[in-house]
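Listed after this line are the structures, all set down as structure tokens.
You will see subunit A twice below: alongside subunit B first, and alongside subunit C after that.
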Partner chain A sequence: MTTTAGKGRASARLWTSVPWRALAPVVVLAALCIALGLAADNFATAGNFARIATSAAVPAVLATGVTLVILMGGIDLSVEGAMAVAAVVAALVLVAAPGALGAVAAAFAALAAGAALGAVSGAIHVGLRAPSFMVTLGTWFIGLGLAVWLVGGGTVSVRDSELRVLALVRLGGLPLSVWVALGTVLIAWVLQSRTRLGRALFAVGGGEDLAAQSGVPVGRVKVAAFALAGLCYGLGAVLAVAQLGQGNAEIGTGRLFAAVSAAVVGGTSLLGGHGGVLHSLVGVLVVVVLSNGMILLGVPPYLQQAVQGLLIIIAVAVSLDRRGQGLVK
Partner chain B sequence: MTLWRQVPGGLIRRRTLLQGMAGLAAVGAMGRPARAQDMPTLVNSIRSLSNPYHATWNQGGEAFAAAIGAPYVTLVTEGDSEKGIADIRAILQKTGGNAVINVDPNDAPDARPIVEACVQAGAHVLTQWNKPADLHPWDFNPNYVSHVSFDGVEYGGRTAQVLIDAIGGSGGIVALGGILSNTAAIDRRTGLEATLAANPNVELLDFQVADWQSGKAFDTTSAWLTRFGPDIKGIWAANDDMAIGALEALRAEGLQGQIPITGIDGIQTAVEAVRAGEMTATVFWDPFWQGAMGLSIPYHARTGTFDPAAEPPEHREFYGSATVVTTENAESFYAEHIAATPQLDFEDLWGRVSGQIRQS
Partner chain C sequence: MITLAAPGPRLRAALPMLVLAGLMAALGLAVPGFASPATLLLVLADTATLFVLAAGLSFVIVIGSIDLGVTATASLAGVVTALLLPGWGGWAFPVALAAGLLAGTVTGLVHVGLRVPSFIASLAAGGVVGGLTLWLSDAQAVTIGQTDRPWLDWVAGETAGLPHIIVVAAGALLLGWGLQRLTPLGRFGLAIGASEPATVASGVRVARYKVLAFALSGLFAALAGIMLAARLTSGSPTGASELLLPSIAAVIVGGTAITGGTGGVARTAVGALTVSVARLGMTFLGVDAFAQQILFGVVLIAAVAITTDRASVVVTK
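Take a look at the complex of A and B:
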């Protein structure tokens, strides 16, 4: 009698001890993959997984950057502007300096441009105590304006540049860009979970006042997070230029929504303090697998966006921690 | 219906920044010396300078203004109809109506208030791409000089035919469309479908929307390679940016040059791809011509070279001629339009009229 009740309680304890909410995105991804594997013959093939990984590389790098900012309770809207300016800078350097050395220089120039724009966002956000939403909205347009000014609105073709090895050379069946993206996520994960800066990000996201009182240099942490995020957007631009063989101010168009929704779908809280870059990687995969699957299934174009919107709502509903939240806004 | 509606509208607009740029341009024009006093101010009102198409349009305007020595102003709407109309009213006010205006209205309904404001101020105006079907230049003589458009149905169909010829008249093709509600996207798709109807041996395997954008076209084409594999014999794209996305998705798998691709718009990367034999065709609208001749035609009406009221309807509402760039003419086209600054005869007002616009 007592033993059965004890067993029941134990299994109930086991059930509740599993962090379902944190695992929800992984479950969603797994369910999506199984469903698509059953519905579409070609989904679960090596070729298709390689294509999914290729499509996920740029969004994964961008989502990593956005996640660092979201973790500390901010938001970064400058993704598309930073990408535009970094892509244009990369393309211009490639045209001016051909060859392998030029490609390396172009990549570094793009990273520097992205990081600089991010640092500017962070510095204004901290220095003027302006909301990150408005500041990064501004730097989005500044980045875009710079990009337009640099190329006069044109497209710079870099079809034959050495930078393209990132997209065209494969290692283990996957383009180098996929490995670069994985490496970036890994580095960001180490940074987030194993360094003082990482702990400070969570501390600021959990409660800025408390973090400041505990001696966290909130201002410096914020500037560093925005600069690192900008670095990621610069890298995203490098991968996109390598992939598409051209650089223009439009290269980032539509990427902000994908990056932020991937972070949210992955379970990173927009309020800050919860989630992380691995969550966002899962989120990116959910978004990319879904759009791949919808094309394999022949879902009509006008339904695809609606399905993606629905997915975001479902993911948020499943993964949101509502405890201790008196007010939902 | 501009081709460039793909820039994110909605929530956030880039207007603030470009408003500043337009303001600077206007100040620059105002500050010109007295020789410009009798010359009308030349105004190009376009969507933005951030896309190659309108940037080239602007260069055409600058070239014409430099040729006749008139002050020149660029106005950008950034997808905002209100701003587009307000900026034109402001420039009419500043110039006292001594202006020649070439406008690509942000949306069809905008053309009416713009035309009415110009007529009232005594300026001369030419509209391109967008206008309501019941707004006609001949109802506003002599100030509303002409309306110019390009036949998306025709060129969507012609690129489809080039594609079908390239695959030998039979097999499966896939198609990448622009934003669904966009008139240019609808027209070009209509042309594609008309050509498909005339070629019963060609099957449209799938039609997807890639929002005019290369990144999205890349992902869509990758997924198609999974779904259809070698059944894809050709790829039709409603613009060049998407065609480039499709081409690069093929290149990622070593398939570039093996599957014919067509685009529309004539951007540099696409022209280079056609030269390299990796794309089969693109269509060049010649935005340089649109920016220059869109000013030259109303300018010549204003200065009395011709009387708009005496011109036939096919000079008042006409389709311009575009160039279909294929592997055959790619080299000469590249030399004339991309490698060098385009040379235009600004006096050849009606040389590119290819028929009166269909009344729907």
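Take a look at the complex of A and C:
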């Protein structure tokens, strides 16, 4: 980039050396906040920001999971199925074992259920060499079916359980669930940028055959990514159960859309190898602020889904670096 | 890595037919009265909507892409039909079909023009269409009133014991089959699915045929949506959403590889029948609807694994 700028023209060099493509989501977020602040009186208030943070908690955790899979060039459509299973499992454990210990057990059971479904997706994808979107489409519905079957189609109410402290207890003005989500993003960021698995994820996303030849255990990395993503969906389910005070198979409905749009809007490339969980956090904020703003401005709620769809298309179209890309399937 | 016993090419081509025949035979033996003409007509009528939806989808899967927005398009067409019938009468149908054609074309243009991968383009476009449908219908099923029901006779009625819906589906089959056998779209579609770079190099206007495949997918989905609305006498904004998995399964189980290049509408007819006979069989066996969903997920993954010719695929994403 810098070589194209003329010699001695420091300001021009500075301008072109800024990674605009990577910063675009942040600029979009800032512009969105300023525009909404001007358009809606009640947008820039402490109460509304807390509301935005609260409603961003679950999408942030889910987007973190999806991002790990997208980074290595795959896609995970099983978000809603994994959440459904995990939420139902958590609710059933809560009913069977009330109290604080039960709440901890329920959280771990949900995490395990999510991770297990993710590991199954990954193992099928790698073992049968079936495209990941197809496999996870299958496991999405397998998860939904399992969840409905476990509770017989109804809803398990856990209104009084100890798990609800996640949503009800506030720390620094924000519910614990927001801090849990931030912690998750932080852990995922460390994993992504400071561990061998993280480097392997980028390597597989950048070029799978090359990674394999360099000795990266591609199969294991892929299964690990799907399992970790499932773990995130399990956590998302725990937070959602805590927020709603109930567990059912529909708890994930519409969540896939928000998670995937957050990831791509944040700038994680669907081709793999570029982006990361911090990008997705920005993406989550864009998506959540946008829907918050639409509510404040009185846009019909059903059109929000349509706007999110448009957002995905625009973000993918803008962010895909298509120069080295032969064909798109 | 697991290597399935790879069936030979001829066996692979005949496999869907054999599976369907086997399922029918098993059901015929297990359930007295299943083999009667009346029951078989019922099966055909029940399969019609699923088949039409899957038939459109096969155009897209043959070229190696996927359309996850078909069910949203079908729901849109159902809602448009139900909303317009009172004021516009029979004009509701062409408008609904045009809406589907438009949705499909836009999906295709996003995929081809903006070079967005088809699964994400169709997922997003499906989200837009779904949002618009919820908005149009106010998130509620739109009931088709008693006075407008005669308009639905061409789908929901029957003549001499033959449900019209079967004739409509047969017409869609004929149209789809004709398009694939007799027009350049069919040949080039298969070529694109088999090897897009080679097709581009041969001077075929690949982009045009890809958009056309998505447009047809939207058109067929809209017809399926009208059929669904006619049978239920209401247009539901999310009515078709549970058909997504069965319709993809119908295409794949029929023997069209998810990677493209083989198969087509006729095979999808076999696939759709297999899916609905299997569903019927499970109901007879007392497998409940939720477990059926699990089974469909499993069947889908298995069928994808079996129909994919993995020798030709280097990297699976």
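Everything that follows uses one rule, which is that the second predicted complex is superposed on the first by the 292 of 329 C-alpha atoms of A that agree within 3 Å, B and C clash if a C-alpha of one lies under 4 Å from a C-alpha of the other, contacts with A are read in each partner's own complex, and residues count from 1 in each chain.
Everything below uses one rule, namely that a residue touches a chain if its C-beta (ideal position, glycine included) is under 8 Å from a C-beta of that chain, and two chains touch if they have at least 3 such contacts.
Source: prediction; values computed, not measured.
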- Kindly classify A:Ile142 by the partners it touches after superposition: subunit B alone (first), subunit C alone (second), both, or neither? both
- Message: Taking the superposition on A as described, I'd like to know which of subunit B and subunit C A:Gly198 touches: first, second, both or neither.
- Response: neither
- Query: Just subunit B (first), just subunit C (second), both, or neither: which does A:Tyr302 touch?
  - Reply: both
- Is A:Ala167 contacted by the first partner subunit B, the second partner subunit C, both or neither? first
- Query: Does subunit B (first) or subunit C (second) touch A:Gly65, or do both, or does neither?
  - Reply: neither
- Query: Which partner does A:Gly154 contact after superposing on A: first (subunit B), second (subunit C), both, neither?
  - Reply: first
- Task: For A:Ala240, decide between first (touching subunit B), second (touching subunit C), both and neither.
- Result: first
- Message: Which partner chains sit in contact with A:Thr45 here, subunit B, subunit C, both or neither? Use first/second/both/neither.
- Response: first
- Item | Set intersection of subunit A contacts, subunit C complex versus subunit B complex | 137, 140-142, 144-145, 148, 153, 302, 304
- Message: Which stretch or stretches of subunit A touch subunit B in the complex?
- Response: 40, 42-43, 45, 47-48, 51, 54-55, 58, 77, 137, 140-142, 144-145, 147-148, 152-155, 157, 159, 167-168, 175, 240, 243-246, 248-251, 253-255, 288, 291-292, 295-296, 298, 301-302, 304
- Using the touch definition up top, name the residues of subunit C that touch subunit A in the complex. 1-2, 4, 64-66, 110-111, 114-121, 123-132, 134-135, 138-139, 196-197, 245, 248, 258, 260, 288, 290-294, 296-298, 300-301, 304-305, 308, 310, 313-317
- Contact footprint of subunit A on subunit B as seen in their complex: 6-8, 12, 14, 16-18, 21, 48-52, 54-56, 58, 177, 180, 206-209, 211, 213-216, 218-220, 222-227, 229, 241, 244-245, 248, 251-252, 267-269, 272-273, 276
- Message: Give the list of subunit A residues in touch with subunit C in this complex.
- Response: 73-75, 124-135, 137-142, 144-146, 148-149, 153, 208-209, 219, 257, 260-261, 264, 270, 272, 300, 302-310, 312-313, 316-317, 320, 322, 325-329
